[in-house]
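After this come two complexes, each holding chain A, first together with chain B and then together with chain C.
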Partner chain A sequence: MWRRLGSYFYHVILLAVVVVELAALAALVSTFVFYFRSGGVFTDYTFLKIALGTSLLCILALIFHTVFYPEISDHFDFRHDRQYQAWLQRWTNVLFKLEDLPPKPLPPVAVKALLDQRALLIGTDASLLDSLVAFYQLDQQWLKGLKSRRLDRRLAALAALEAAVLPQTLPAVLAQMHSRNLLVRISAARCAVRILAAVPDLHPRHKAVLLFVRTLVKARVPAGMLESILSLEVRASVPILECLFQRQSLPADLLQPVIAAVGNLRLVEMAAKVATYIETPVPAVRVTVLQVLVKLGYFPPAAWPVLRQFLYDTNLAINLQAVRLLMLLPLERSKPLLWESLGHLRWEVRCETVFALLQYGPLGIQLVNEAVQEHPVPAAVQIASQFQTNPGLPINARVQEWLGTIV
Partner chain B sequence: MVGNDSLTIWGGLYLFFQYLILAYFVLVSASYTLLTYLGLRSILRYNRVMSSYAIKPLLESQAYRAISILVPAYNEEKSIIASVRSLLSLHYPVFEIIVVSDGSRDGTVDVLREAYHLTEISLTRYHMTINAKPIKRLFRSVNYPNLILVEKENGGKADALNVALNLARYPLVCSVDADSTLDVQALLRTAYLFVEDETVVAVGGTVRPLNGAIIQDGQLVEVRLPPTWIERLQIVEYSRAFFAGRAGWAEIGILMIISGAFGVFKRESVLAVGGYRTNTVGEDMDLVMRLHKYYLRHKLPYQIRFTPDPLCWTEVPSDLKTLRRQRNRWHRGLWENLWEHRDMLFNPRYGLVGLVGVPYAWLVEAASPAVELGGYVFFLLSILLGILNLEFTFYFMSLAILFGLVLSLMSIGIETLLLNRYKRISDRLIFIVAACVEFLGYRQILLWERFRASFQVWGKRGQWGSMERKGFR
Partner chain C sequence: MTNKALTSLPSRFSVSNHDRNGSTMSLSSTHSARIFIVDDDPALSILLTTLFTKNGYQVTTARDFHTAKQQLEREAFDLILLDVNIIYGNGLDLLSYLRQSLQLATPVIVISAVHQEATLIRSLELGADDFVYKPFNPHDLVKQVAAILA
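After this line comes the complex of A and B, so read on.
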């Protein structure tokens, strides 16, 4: 709170300084021009004197801020922390020692302490705190904050609602997802997911889920943030993602984060749904689909006919993901394609193929060794010879290290 | 400064020069003032974003993008261990560190091998996507699987970065100087911008002087003022350059430099423009310029952002000789880049970058030493010829000095508001004093060095020179 006020205050100081300095420049130019136009007669330097005086005042204001702001700020922080601790203790006493409730209205620090304690407690104690939230009508206060024209108030209200997770506030929160401000849209989406996670008996046809999905499709939330938001709460995300998959069509900018979220949450049961998008025309989405299928360890039957096409796609990422997907098959099935991709035009794909073969263990190592002797493509012989090793031994530890994380 | 002979040719020239200096002064002062204000706005917004979003959800949700940290090193045995330790302790879910010893002649490789138990591995995974000098040896740490050391032939910083780029496995790459240390949350806060907006291709962070600070287990434990005034004055300069200049430029979308000490890029974007250019000492600026060019030419959406908080602490020169050499190199780098990208000047094809950013860099950044020194010479000549209007000169000079002071104090104020790193009042007072005395000799010495550098661009093309390291405390 204090920091926010401090920021506003400095903003005002700086705005004043900018105006003063620009005016000082105007004074300088006008004095200079007047002097020459008058043939050296004009010698009134009043403007310049004022400019100098006001610049000095600006300097003093800035010095004052630099020297004292941290001191004042530290003082307020210290006071705030002390009050916060006192309020935590007070809420504990209310809950466990049945002390009297503090009178209305609660100061912001008391609300923060209450919400923090609510996040820590579970079961009966948490529901007692819920009743306190209702008693003090905090939701009404936050809902009022959502209607404020000031961005900070709306963001603060969303943050509080996110911490409070009150299902009855969902419609008001969802309305904020259509805000013109990106920050508000993202905060509202995150808040909504947290609230949904607290809704009992959530399923894909639940009214709250349908409402959220309908809003999400229309709201413009950046793909990366959407992925982040959809991967936050498994409890809420599963019905949301299922509901999204049930829709007739999803735009590419929504489809990609949705699929990525399935991968992040390792939702194996949705692998088949993800696989239906394997032939999507957008390369970035196709890469994500393949990546997620690899993550989930699911080789869809529909992938087999198009795998060769993916191996020779112009997009390198698709080639690499195709090799990684091949790794999910037994060696006897993937062998012809892997053998072929050992001689791929792209070095990265050849390298990835060797890694794939090595992951099969002794049989794969044997195939790498065979490639050194028999592969018709010189590039394949070269890459295989770099990895040639004794098939009787476990995979070279260094090579194992290199396998690393699939990105 | 105002003369009285307006009839002769000399008088006309004299008058023209006065107008020129005045116009230049007004342009520079007004633009700096506005940039500082824009910088503050972006910083306030950044504060709001960070307090609203927090970065926890990013970690919770796994939506982060993995990062390869590229560390070019040349004769860095004194600071490399602390530097790598600081990088290893970064708070980030998935990252790898690729240290490239660019033909170091000191014990850089040996100290690293010993400290982090590095073992030699084969070069199998190496593929030259971008041409670079050959690799001699490749090492990997037994204790830290995400630490790789490359020993290669000397080819310069840009060449070392290209080698690291070839080895990098992750979608984001972060270039960090070997004499620098990063704030633990620097990557999280920077990578967040790539998650928020898919069109972001590069993000620059704030770089602060490390001198005087204390590092423990790779982490900055206490920021103290450096002992010498040269170092203190540089702190004021860095504050002005980052919080006023770069934050302001980024706000209007024409940030033209991301410091080589700390910048995060999309790997595919860097590869698309051919990596780092090796025949320049300003490879950091060149990369950003080429990114602008590439995306504007292909009419692709992109953003190059600046984030005020992710801190990189770097060792700055502690003696005048090294400082002059560094500034000479920076100014040559600027000229090299402006000349290389001269086709962007006033070219509407490159949007605001071509119409505002590049002309500004020519006029205000590159030409400033000549104009400012010209002003000093003009002032002395006017005194000698006895044609100086003392009263006007007094007001003009006072205003110019106060203006410089206001700009420095605004930046220091922003830093105080944002970071609050220097806890003691005495430290902050020393800062203010440093801002006040900056124009008493220090500025002029560096001005002269930059002026000299303007004439050494072709003769010293691509030459770095050396910097004496003290190492971290």
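After this line comes the complex of A and C, so read on.
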């Protein structure tokens, strides 16, 4: 609060100094013009005096701000911290029945302390603090804040609701996901996921999940943000992602973050569902699908027929992911395609193939050595010779040798 | 003789003879276990201090790495509750310092807000005795601490 006021004050002073200095300059110029026109006699000093006086005041205020504001701010910080810790102690005492409830209304610092304390707890103690939120009618205050025209108030209300995780506030929070303001939409989505995580017995057909998914499909949340929001809480994300996968069709801008979230949360049980999108026409989504399959260590049977096509796709990222996916197979199965991709037109793919072969251990290293002698493509021979090594050497010596070759 | 042996231990036992004939003896606790809480979050620190004090433990707290390090060098504790994120350092570095440099086998419970397998494995590798994720049930934590100290 005081920081915001201090910042406003500083900008006002700066603006005043600039305006007054310009006015003083204009006054000086006009005075001298009159001075010369009137034959060397000053006629009016008043405006000049006022301009110079105000300018002096502004400069003094600026100096005061620069010198004293950090001190004042530190003092307020210290006082705020002390009050915050006192309230934390008070809520803890209330929790362990060492103190009675404080009277209404609560100052903002008390609300912050209550929410911070609530965020640490689960079980009966968390329920007790939730009942305090209801007792002090804080949820009503926050819901009122959501209707405010001021952006900062709406964001503050969403932040408070996110910390309080009150299931009854979910519909009001979801309504904010249709806001014109991007920040509000993102905060509302985050808040909704946190609230969903606190809903007991959550499953993909749960009313709250269905409501969230319906809102999410219509709300315009950027893909990157959506990915991080869907990766926030495993407890909420699993039913949400399952519900999204159960939908007949998902738009590409939603599909990519959904699949990426599966990878982020390492939800191996959803690998088969991700694999169904392997032939999606959008290259970016296909890259994400392959990336997630690699991350989950799942080679879908449907990938085998299209793998060669992926290796020679015009998109480099797809080529690279195809090589990485091949690595999930045993060498006897992946060998023909890896041998072929050693002679790929793109250097990056050739390099990735060598790395993939080296990951297989002695058998892969042997194949790299064979490529130096027998591969029909000169580029393959060249890249293989760069990584040629003795499979019998201990691993550290081999790494040293590779590093030496690369340098 | 038994009394002498037990009182020489840095633990909480004492021997008293309740029988006037000198035939029976009993063991009793002379002081409560000392818990050291290292956490930068005042909310958690205050909560744990109140919780364990209420349950009869002696609690010392530190917010940052250097203070915690100095405290560990100066005093002996029965149990340490260590947050992964602390000011001016990392809780796991402090754990490593405790086990490797100070060579102390004090039981340590690591607390973390981030559900990361890597952190859990690393802390157990460094010698943590248990691991608690935030949010947690305070009563379960008290039971955990009591079980370790038993």
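Just so we're on the same page, the second predicted complex is superposed on the first by the 324 of 407 C-alpha atoms of A that agree within 3 Å, B and C clash if a C-alpha of one lies under 4 Å from a C-alpha of the other, contacts with A are read in each partner's own complex, and residues count from 1 in each chain.
Methods note: a contact is a pair of C-beta atoms (placed from the backbone, for glycine too) under 8 Å apart; a residue touches a chain by one contact, two chains touch by 3 or more.
Everything numeric here is computed off the predicted structure, so don't read it as measured data.
Of the two partner chains, neither chain B nor chain C is touched by A:Gln168. Between chain B and chain C, the partner in contact with more residues of chain A is B.
Of the two partner chains placed by the overlay, only chain C lies in contact with A:Leu98; chain B stays clear of it. When the shared chain is aligned, chain B comes close enough to touch A:Leu183, but chain C does not. Judged by the touch definition given at the top, the superposed model places A:Val234 against chain C, while chain B stays out of reach. Once the two complexes are overlaid on the shared chain, A:Ala119 sits against chain C while remaining clear of chain B.
Judged by the document's definition of touching, no chain A residue lies at the interface with chain B and also at the interface with chain C. In the complex of the two chains, the chain B residues touching chain A come out as 2, 4, 6, 15, 18, 22, 25-26, 29-30, 33-34, 36-37, 40-41, 44, 47-49, 52-53, 57-58, 60-63, 66, 94, 121-122, 124-125, 127, 140, 145, 169-171, 194-198, 391-392, 395-396, 398-399, 402-403, 405-406, 409-410, 412-414, 416-417, 420, 422-423, 425, 428-429, 431-432.
Considering their complex, residues 84-85, 88-89, 92-93, 95-96, 98, 113, 116-117, 119-126, 234 of chain A touch chain C.
Partner chain A is touched in their complex by these residues of chain C: 41-44, 46-47, 50-51, 54, 115, 134-140. Note for the complex: chain A touches chain B at residues 3, 6-7, 10-11, 13-15, 17-18, 21-22, 24-25, 28-29, 31-32, 35-36, 39-40, 43, 45, 48-49, 51-52, 55-56, 58-59, 62-63, 65-67, 69-71, 73, 151-152, 155, 158-159, 183, 186-187, 190, 222-225, 227-232, 260, 264, 347-348, 351, 386-387, 398-399, 401-402, 404-405, 407.
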